[in-house]
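This is the structure I want to talk about, given as structure tokens.
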């Protein structure tokens, strides 16, 4: 268990709801759920959720910390916002799911091999480097996520797509050398560092 | 028509040789006709997109967007921010909304912006709008119909709105389940909207098309199948991610499901550019992997008026 | 009834539904002078459009017959139809109320013989049937309508159709020259019983009321059971007239929802339980009802009825707020998508017909009644507050079932009498 | 009353003139109907027509009017003449609208019309103008039994209207259960926090109200009399009885919480830290805004679990089957007591259906905002101990779970203080079916001690509550002038009780006012007629006293029926019950109907023209036939329909008369009977069915087929069925042939 995770377990003891309210984006909405299930039914990836949002809210109240934070479920969110617009209690469900995923990730207990988690990581690295997306590096990074040989295989699968994009001028083969840069990249790095700091301070993450 | 000016947030995918560069091209042509001046936000950065949450988290994500807003308010004062990309629009709009709702979050964000010397430039007094909103609200369908010189006669088009231009904010006056603006735009451009198209707002998987290709492609299949069922010969969309996901995976889906999909997926701006008289290149049609043949034909024809 | 004379010892009751009729009758039977105004051409209100009441499954028209007989027998009670309150001024014991009376184009001479309706060929939407069918433009709103007098729809005035009607009437009952008029009543107290209206189902977008023929509202479903209603009493699907044996009921359609009505409309659970018995009434064991709910709110002895329906093998209960409804283009069937939250079971259930248990909203926004009347954010009269001598009754104050509405109306009636007795200095 | 002068008026409007030989009808009225004056008119209901009748009343001294025109349900404004007996011969809805307009049918249609004119005259000839019952009292004081929120409200509201009130409370203080609450549910926006009960203020207002006389530590030891003239004994705990006279009574005797000790499996009686909602209120009052301490060791409560539906909504038959309605909101309110005092306290509400109707939804949301946790689950057991364990099945997560708590609150239900169950105590047959044993906490002490023949308290509806059976008429009572309100009639919260009590106050006032004028109460409100009986003819068989649905009839010292007219609802069930036919009303009697039956012209058996007598309930069956006519649904021209007040008023002599007169068939149309009865007079239809079940012997005795008499339940909506019932009888007669009883 990561240090941070240990710290949080001790801090909140058996009150997972309080932990979520304090540390998860929009977490203080969780208590407002009335278990109607409209969110669970509205999710395009619903069938792939081990625990749908409304059940997750109930699990949080029931203190099932590990079952929630170690779950793949939140990582299924496609950010389609169907749940948000249909929720009769106006819970910002999409953000709560993002928040839970992010929190689990920070605690280091999110499912290691979850592809979305890994892609998200890669994506963030990619955009924060220069301030903008470098699509070529992003996709290549993506293919080689599971090691060189798999990467080649996936790369080959995706080759037609890639070539199509290149042919139509929608993918820059030279972007490996750069591209996706802001002049203010430096500022951005400083900003993100600061933001991280503040969030840790706010949420009492000793780091 | 008086010139209209906006502070423009193109977003990563609209960059030269990026995945939605052809969107950008068509938007430029469209704006030329409508006499819209887009003042690009100097040195704008990525919005973090929806997928930015996992590593980025709350404050960093807002910081990224706040920087863009601050830059816009600094360099293009008094101008609404207009985005062409759904994710960019949503990201910026969300940050703007949350910062105006939470004193604390605003204070934290200013503290962050200070690092870039922009803390005082963030006022949060701008409207953040999608290009579609500008068209509908600042021009209106009647105005938009006027410049049509090459009506897109006889093309049946399914309007695929997708998620993020539609939820949670959406376009004023449209419903989340059955928005009609793409159909209306299609219609005034002289084409035939497939109004009963029932996958208008189905999610294409978004960023998860990369991480969960199978699950996403199952969604995309539904989206395309229904378009075919209703006799559409083309799909039009306002979102770069939707456009790419629905267009580029058709071969893979065909392999997987034994389907024979080959349907062009265009941007509303491409329809408009062509209808307004642009040639194929100006309308970014060369950027479509699945060629929009019918549009190219019309683009090649001489203007009617 | 001609212009009603009133004094500050008169009670004005606004709204001729069951609450208004009750308030008016109870006061009149205490010996008070009462004027009852109703905006429609006849009394009865929403309950007159119901097939049966829960939990007894008896017929609302039965109680209505009694109330109508009480009204016919009571000379202290005067009824104004096609009348709407436009302005209320003054203070307790001394109100001046401006009332707009729309022309009926038919006078007291009418014998309800029906000749005008036979003569006229023009048709209009039948609002009594929630516009599910058409009716003649010269009409008696429904068989039990009181006053038992025909109405000419304004749309035919000035057309040959109106002349046909006039020519057909042997009794000089048709007066095409009737004009809208405005009268001012001096009254001492007012009972406000304008009732409710069904929430606009089209606003609940995921359920596609505006897109799919076979998604209807609970109030429309009631009309389908009337042998003289739009479907001649047959339970059929609007899309193809096929018998609707497999019916889905979606609870909280608009209610308990911050996007729509924030309150619980109280009656919808019971209404759907009741309507599930309609499906059995028509199709016996062939019937299949599924009730999608969040909480079944069957309080006090209504619980007995809930348990009875629960025990019915043809009725299924799914604890779920339905996520959305889609249509199977080939069959016209509706497919409900969602999750049964009791243990997480996904469903995509196919039904012949989907009935939305729509919520109640006040038919008049209480903010518009008069100065000094407190309204809650939903537009109901906030009866917990002092509102001068304007007393809310029935569903104008809250989402109530018939029984509670009548209790509320009876209470309002006494509050009005208290004011009148103060005015008249009546000591007993 | 002066000698009878009948004026008969035949209308030619609405096609009557075209369809019927009006002149012949006028002649019938004159010759057979013995009408002094008989006239026709083109358009009887208009100004001229009505004026013509008025003139005859004034100049010719006509005091009995026969209107031969449309149904008695139509044109009531036009034909409402004061101080004359009016009979309506229904030629429009009753004849031409239900008969085809053909040459062949002209004759039988005319015969139908002629018979209705004969019947109208016959009825008018036997009617008297009703004058108010001489025995009425005029006391308008209101007695309120019970000094809880309901009783206090009734008292204050009645006094506000200018009426004198007696308020009797068995305990030493006013306020009842609400008076023992710390706070109550909010009654107006924003519906987010508990509010003051307002009971102390209300009590003060009552003590200082000169119109209200309060009796504390007192109970009602005797109630006799009738509306406008009740006499009640009020007995003090300390001994001593006062007798007071009142005009009407409000029963607001409230409820008791269901006995906690009946729920050992939920820790009831097993641990001092398992309390019911009343117990929690007591703790909250002690804490008065501070930390709530638990009974066992005075430890500050840090976690509390609320168990909903404890001993309620029970299908085992051991506990209460119903839902008490208020308990969800009450637990929400009580959870707020904890959260408002200290947000750190864990509060969980375990429910199966959360029932917060109306604006309760706001209250529910408010509780969630305050951090109250709601768990959908079914509690199986509460294990006592220093920290109690609540074992439940989590219905969402579909698993067994345990909640630990310092204190457990059981939301037990309301048990009505409705006195003795007079039906169980033997008396009139209970149409509601036997009340379940589990209801109530066992003890049954009479509240009103009525001296009525049919029992000491109000009849119960269900589960021990004495609510009205009628949805449209929640204040309908089976004991005229006595109205119940608050939780004794139906489980309810304080806000509803206040509303209910106010309504009950109106009904009590109304009953007293009507009694003072000798008028009937609902549903025949305003009816001035009243039952009278020929003492010398009475055999003291007691049927009337037993069968009266309203317990109006007692027996006097000589065991003769004593009618207590002011209690009577004028349904005529007694008239129908009387084997010797000594009971009648001025305007409705064995004769007014009997002579109509005899007035009908019965052709001989060779004419192939059967006659079918239809006795139709005027509230449902008759309107149904009217509406059939409006929809031009036809039925046999051989039917002769007579409206009756209630099927209960049908005296079997009428059937005998009809059969001996040569009628070929008789149909009785009444309302639905049984548990969900529709009869406006409770048991009328049921009694009629019971009586008619015995008619078969009579028929056999006359060697007539049993099919000739049919008793059926007809709803007002049976617009198609009612005519078809008549037609079926016509077909039956075709099959079995005409009655041999024709002479």
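In this document, chain identifiers A, B, C and D correspond to the written order of the chains, with residue numbering beginning at 1 in each.
Just so we're on the same page, a residue touches a chain if its C-beta (ideal position, glycine included) is under 8 Å from a C-beta of that chain, and two chains touch if they have at least 3 such contacts.
Quick caveat, the model's predicted, so the values are computed rather than measured.
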Item to check | subunit D and subunit B - chains in contact with each | outcome: A, C
Checklist outcome for this item: Set A-D beside A-B; more C-beta pairs touch across A-B
Checklist entry - Which chain wins if you rank chains by how close their C-alpha centre is to the centre of all protein C-alpha atoms? => result C
Checklist entry - Which chain maximises the distance between its CA centroid and that of subunit A? => result D
Checklist entry - Using the average of all C-alpha atoms in each chain as its centre, how far is it in Å between subunit A and subunit D? => result 64
Next on the checklist: Can you compute the centre-to-centre distance for subunit A and subunit B, using the mean CA position of each chain? Integer Å is fine.
Outcome noted: 23
Checklist outcome for this item: CA centroids of subunit A and subunit C: separation to the nearest Å works out as 50
Item to check | Approximate Å spacing (C-alpha centroids) for the pair subunit B, subunit C | outcome: 46
Item to check | Numbers and ranges of subunit B residues touching at least 2 other chains | outcome: 176
Next on the checklist: At least two partner chains per residue is the criterion; list those residues in subunit C.
Outcome noted: 206, 256, 319, 324, 341, 344
Next on the checklist: Where in subunit A do residues touch at least two different other chains?
Outcome noted: 34-35, 54-55, 82, 85, 89
Next on the checklist: Can you give me every chain pair that touches, using the contact definition above?
Outcome noted: A-B, A-C, A-D, B-C, C-D
Checklist entry - Can you name the residues of subunit C that touch subunit B in the complex? => result 205-206, 208, 210-211, 324, 326-327, 329
Item to check | Touch list for subunit C against partner subunit D, complex | outcome: 18, 25-26, 29-31, 51, 53, 56-67, 69-70, 72-75, 108-109, 111-114, 143-144, 148, 170-171, 227-228, 256, 262-264, 266, 295-304, 307, 319, 341-344, 374, 376-377, 382-385, 398-400, 402-404, 406-411, 413-415, 417-418, 421, 426-428
Next on the checklist: Taking the touch rule as given, give the residues of subunit A at its contact with subunit C in the complex, in rising order.
Outcome noted: 34-38, 40-42, 46-47, 51-52, 54-55, 82, 85-86, 88-90
Checklist outcome for this item: The answer for subunit A against subunit D in the complex is residues 17, 31-32, 34-35, 54-55, 58-59, 61-62, 64, 89
Item to check | subunit C - residues contacting subunit A, complex | outcome: 206, 252, 256-260, 294, 319-324, 337-341, 344, 346
